[in-house]
């Protein structure tokens, strides 16, 4: 039986890898992938807490399920917008996304 | 509906009338009708008030009415007047009336000008009839904001800068006031916003120590409390005539009124404790304003600094906290309001002709515009406290009242304050000598004309008011000193 | 005595009528309105005086103090109030007579003198205003009413000095007069405040036990009040405004700056006399020293002035000094034992008003004739202006103290009082009296004798006698000057109210007459001829002294320095700078700091989504840290 | 469990009906039919508002406590619906343009779906429901922000919005996972009973707060705001700046009080700093803006700070003031954006502040509306903003946060300064080529009139405040 802490360590690492990726990637798609990592670490957390701490109920699992759905929807919209950007400027580099500032 | 509310309703109706007015004549018609109605209303009120008092009415506030407004917050629309408010209303009505004539020839955006002007009047009248902290504060702010546009759009000189500075500083003051009002409300147990009821509740002294200075400074900003007075010279210099009149004449009085009615009345213990700080500030202000006026070169700046000096005297007298000095303070508000309005009216008329306010560029105006010049001399003499005009009785009441406080500190300050009457004479006479007397320096000025009827009327009204108050002060003094008493007895509790 | 209200009401109405209608009235009509009202006032004043003094004395042997009117004008505290009313006692009645007489003469005289001047109506309006104020001052029932009218006479003086408002000198002089007296009035006001607080009343008759409790405050109050009086009465060092005030029309100088307003300070001290004697004798003596010094100083300066009105102005200062000295040397309220000065002072006030007004009116006639104030432009005028000459001579003799003219009697009483006080004071005052005679005759000779009139120099203009409207007042005043000395003044006015017989003290009288005659002789020797070798030699020998005296001992320069350098440069300008740059600068700097901060932080909004999220996360973590730590 | 319960969700159902009708109409209507799309949308929204105008007086608890409604919540929904109605009315002119005409159906459905999401969010009784509502409000919003798909700014704003939103919801859900981990439940009531204030829970609180702070755009979670407001179509900005913000703020208040109530000390401290930062930083940023939409973005951040004052202490009075403040802010901001949008449509995209120079000369009425709205935002009586500011200060002061109120008050001076800058531009600044005089379409004018009436009347007529207060909990 694997300890709960191990799962949590994994999810935490995923979380911060995601955050790190978000902060450092230059490509919008890569950033999107990093966000997915963050969201997935959340899913793991919910599932693990449910499984180990509150085995009698399903709240955590359901939350994970919905979270997965939501993140899918978000990704879809995000990709659509990124495609739109690509159509506009033929480029999806973050550095080109700073016309709005100040 | 209490008839006091008419003071607010009439200007509102005037705004409505202006909205539908089609041309300049209709605008003037609306304004004259409305302003006259206000004047009549104020006089009627004064008469009714006197009759009530003569009939033995002893309540602190008369003609009171209170409508629940925001029940959960204990906010009422509560009105009522005592002697102080009556004279202030009278003053406001006179100044509004004369202000209308002083801006008779307003060319640009006449309708809009008068609409904001009316809004300003709403605030002023509303403030003086209210006896509920919230309502008072609301009207107070209503009176402040139209200033921005009135100065910014219709002003002269560095109007944008001045307008912004004035508005922001006064709003800063009102932020302090709001803090103070909240402090009073919660300090008194969060049960009422009514002035008279609050006065019966002892606010804990620790609260007072925090909120008295906030409230006092807040109102003091408008009352030209040193060192928060710097909006005044710039603001008044840039404002159009009628606005300067109303602002210096009435609005600055809101400050003194608020200090007296709210800060000292509701927080007497802290007031007594901390009065010395503000006494020093106001004492400085009295002399400082007068000295500053001595070397100014712009007519309006001179008058603005003079206002600083005189309004500081109001606060000074309030802080002396004797019945006589407070009566004097109110008289001084009344008197300064009339005088400064007269000054600004004349300056505006002179400026309208010479297109300069620099005293170095004018001389010998007595020859070309004798009427205006004579009025100016009268205003100047009134300002330096000549007996027979209102300034004298106000200052004397203040000095005698202040001298009642028997200790070295207060005495010294009183004597310092009295020196202002000499310095006032210095700058007034310097000005009169330079600008009005002598030979005409600028040949172009020889072509100028004297005042027209619409200019003469407000000047005459103001001079009559100043002289009337100066020659027959006993009635006013009685009304005021009776009404000052509740505050003074509050201090003795 | 109810009619006394018209004493004030008539001039006031005339002021309002003439002042408000202004140029709508024809000049003559305006003058007539003013003159008639003053004539009525004069008649009323005489009637009042007659009724008052014939009403008989009270049980205590003094004339009753009447108060036909007194109402509360401005209530101040529970005990203090400013009242307005009319108080009749010997000195106020005496003053009524003096003021109305001189005023009436000046009104009549001005018809001729001011003929054709622009602003004739204004002139008469101001004269009426002045007369009203001055009458109000003397009938004041309390010190505050006195102060009220005191200010009003000040302002009428200001307006009248500045009557020729196009003349820069007139403007400056009027300003100076007002500000200097105003400064002095500050002392008066503070004195009143102290008096009011400690005496518990503004009336002249406070309760004795209250005063006794006041301790040193009462002398202080009285001293400060005297400062006010000194300002109005041009005592050193507050005298500087009076010579300059001669820029006003000459009749005005006669009325205000010779006969009436300037003696207000004397009147004030006389009015407060019981209090001075009772609670501040040392202050009273101080006034005597001030008065004596002023008298001397002014007399010396008068000896070298060349402007005839200036000479008269310094003479006025000197004579007021006499009056103040007379009051100041009093040591008790009993005229027989040290209180003689009170009566002497009032008597001198009375006679001086007449002959000094006469002198000024003569000077006016002369100036009217030669269009100049300078002695250099005159000389030999006695042929052209016989009436003026005669009346001027009478006045000169009076002021020099030659019997039987009025000045002799009153000055003699003063000298007697001074000798009673201290011999050196008597000697000093006698010497000054001699100086007076000297400079007055220097003036007289320079105007009417000396070199023959040089018409060519004056542009072919031949001087001529003044019109009737001007000479009639001269003659009237000269007549009064001749006879006034025989009035049994002590029967009307004395320090304790009892009748006092004026009896000349022979040694004093003799000395003074001899001194005066010697001085006149000296003046005759020095100035009668066309060439004045002695005077010129003296002037060159004592060049420094002469110049200093001519420049009035540089007191004006000191004032200039104080006002311009200190008040304007060293106080006002720095304060104005401070206000604009420090106080206002602070407010502006608040705005500046806000703006600068705004500019600085703009870069934080970089437009980079990754920075945004870093701040997002960083902020969240910071909040966690804050919450965990605190 | 009874499906009839579903019928009790009156506002959600009526909104859904509106969405479906519009959706179907969009499908069936041809090119000609689209012309009536906007009136139809307005009328339907109006109907929706009318149906819900009387708040549901009873307390509902549906789906085992996942969904719940109290009168206050119902009232908030009505307020949000009214705001949406106004925003929709104002967008007619924009949507009739060539490049948006064909997809206007999408605009309505997307907008209304976000509204629906907000309804669920405010009615949530369970964190899952809450998250779903939040995301339903966010995701279509990203589409709306990127609605002008041929404009790079719009797309850039959309990308920033969606990425920030994903990041923040990731962080928030991460926080929620700790809530779940420490309490074992996601039901609001149960969570409240279990919270003890452990460090993990504090972290959860902060992360959750960050997620909503993002929606409300509180500093330091605000950086997307200005860019998105600038890039998004003006009408979307209007919608985003008021409806989304108000809904999130109200939800945050409810959750803080109902769920994190035991940790009140913690979140008071947190709010204290966040409010100070929001007001101050936003004010400083706003001073220097040249683009009016950006300018109002910072203004809205600052307003959000004031809005959160009502949450301090979690008192019923605070809730009343907050809802009232939100209502007043909504009215004023919609008026502002109505004017901005009207001008932008007529001048082919003029959104610089200097374009407003001398506006009064040509368009006095529009200027007046703008002025009143600005005064209201600045808290000047007798306009509604004064009352709402006063009440919210009063509430915060009453809860004991005197220093905070003082700081906020001092900041009102700065905010007044920049609001006056706009006023100055319109009235005082000279301009050779001011915006020409024009007349907007009827819907815009009606909406602006309604806003003006609201600005003037909402404060003076105390009944509105009293009504809100009656429902506060």
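As written, the chain order gives the labels A, B, C and D, with residue 1 at the start of each chain.
The criterion applied here is as follows: a contact is a pair of C-beta atoms (placed from the backbone, for glycine too) under 8 Å apart; a residue touches a chain by one contact, two chains touch by 3 or more.
Everything numeric here is computed off the predicted structure, so don't read it as measured data.
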For chain B and chain C, what is the smallest step count along a path of chains that touch one another? 1
Would you say A-D or C-D is joined by more C-beta pairs in contact? A-D
Cα-centroid distance, chain C relative to chain D, in whole angstrom: 78
What is the distance in Å between the mean C-alpha positions of chain A and chain D? 26
Roughly how many whole angstrom separate the Cα centroids of chain A and chain B? 65
Based only on mean CA positions, could you tell me how far chain A sits from chain C in angstrom? 97
If you look at chain B, which of its residues touch at least two other chains? 168
Chain D touches at least 2 other chains through residues 159-160, 163, 167, 171, 226-227, 288, 417
In chain C, what residues contact two or more other chains? 591, 602, 605, 607, 609, 613, 617
By the touch definition up top, name every chain pair that qualifies. A-C, A-D, B-C, B-D, C-D
Within the complex, chain B is touched by chain C residues 72-77, 80, 82, 144, 147-149, 151-152, 155, 158, 162, 165-166, 168, 171-172, 174-175, 178-179, 182-183, 186, 189-190, 193-194, 196-197, 563, 567-568, 571-573, 575-576, 579, 583-584, 586-588, 591
Note which residues of chain D are touching chain A in the complex, please. 127-128, 131-132, 135, 138-139, 142-143, 146, 149-153, 155-160, 162-163, 165-167, 169-171, 173-174, 176-178, 180-181, 184-186, 226-228, 230-231, 288-289, 294
Which bits of chain B are touching chain C when the two form their complex? 165, 168-169, 226-227, 229-231, 233-234, 288, 291-292, 294-296, 305, 322-324, 364, 366-367, 381, 384-388, 392-393, 396-397, 399-401, 403-404, 406, 414-415, 418-419, 421-422, 425-426, 429-430, 433, 436-439, 473-474, 477-478, 481
Seen from chain D, its contact residues with chain C in the complex are 159-160, 163-164, 167-168, 171, 199, 202-203, 205-207, 209-210, 214, 219-221, 223-224, 226-227, 266, 269-270, 273-274, 281, 284-285, 287-288, 414, 417
The chain D residues in contact with chain B across the complex are 317, 320, 375, 380-382, 386, 390-391, 393-394, 397-398, 402, 405-406, 409-410, 412-413, 416-417, 420, 423-424, 427-428, 462, 465-466, 469
